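Notes to accompany the following structure.
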């Protein structure tokens, strides 16, 4: 399962080096996940209302080239792992075919209280796709 | 009632102009309020646990001089208005006596559900000071 | 001169009250300005490369209703004032016709060095529209 | 070489799960590095003025326990690798002895123009310590 989303770099995402600050990319991964779920007909907002949270357990990012204000950036997001308690994603962040960053994240399934929980079967099936 | 708090400018708070991004100052006002309450022996975290929120209704900021990465910045915060349903603060943000920005904010007292509420008398008395 | 742009609320823009943090709206104003310029056939990135910066001098925001994660938000941006040294904008932030916030900002025209400068006539004419 | 710095969690750093957003920790790593350099008598601001940048090449973070608004958090930062072109750090983020996150970052030495450069010998010696 893979999905693609685009975003326009905001000025607030840049830093004094004149490029996008490395922490801004972490929020872009989140966009990638939300849009991947949307492409499956799902709303992460609804998941949360149903008490299903994908808490971030790990973030691994390699930065390959700088991004700049007003760049049109593409985030490619893939499910790499989907189990009842744990879900993983990988990402490629690009600008017109140029690789800007590669990342992967690991998530624990938790309830609204932050305690470990399990992914409902219907959601699991969608992710395994 | 006035209080003073210091902060060190973070790299992530800067932007591609090489200065602190104007939205970063808004978070500094929040620091100013939290530390003003602390100087009154109060914890805004505890207020929230007790169901008392100061929801931001208005922000007015005038920027006077740029701030830079690693600057040591002082936020002076004052209560300008304290009523059961509405609280106001004013701020001066400085670096070694140089005025960087002036601001004021207005807050509505709300409950955990975001609905209008009233400030408990004990909190009101503290703010009126 | 007015323009309209849409954005999807990001999780990172929310706070522990479960709503969008008030500082996030400030970055949305910036989006509004960038897209207003784009609707005039201009690129603020190119303005900056040409040494023309609209430094933020004032921000005034009134919050009317909370925004939530994944909301589709519309920013209406208008030029309210355009002179050689100073430009002003006003904004309405809405979600499906519900007013979330109203704002206005004032900007000083500066060079790359942050010093006061003047808006080239061609840019001024565009803004005056 | 190891250093320790403390920070107070800001409201703006939290998200709708009621905890600190995972991207906020990335900025805390940056604080850790800046303060490690300061503990060596160095100013990263001065390094940048001298044309020496530590561009972020990799971030790896494992989240162990949530952090909350107003928590007093400690960042322990260590140099794990220091060469002329590449520097590495590891981090432990804690709250009163509770491990919140572990991380490591890898940095490329670059000039003001973003091009690969080398660390001056005096800086290298300090980091190797």
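By written order: A, B, C and D. Residues from 1 in each chain.
The criterion applied here is as follows: a residue touches a chain if its C-beta (ideal position, glycine included) is under 8 Å from a C-beta of that chain, and two chains touch if they have at least 3 such contacts.
The shown structure was predicted, so the numbers you read here are calculated from the model rather than taken from an experiment.
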item	value
Distance-maximising chain from subunit A - centres being C-alpha averages	B
Proportion of interface numbers common to subunit A and subunit B (over half same, under half different)	same
Geometric centre distance via CA averages, subunit C-subunit B, whole Å	23
Whole-Å separation of chain centres (CA-atom averages), subunit C against subunit D	32
Centre distance in Å when subunit B and subunit D are each reduced to the mean of their C-alpha atoms	27
Two or more partner chains touched - positions in subunit C	11-12, 16, 19, 23, 26-27, 30, 48, 68-69
Contacting residues of subunit C [partner subunit B, same complex]	16-17, 19, 22-23, 26-27, 30, 48, 53, 55-63, 66, 114
Subunit A-facing residues of subunit B, complex	11-12, 14-16, 18-19, 21, 23, 68-69
Contact footprint of subunit A on subunit C as seen in their complex	10-12, 26-27, 30-31, 34, 43-45, 48, 68-70
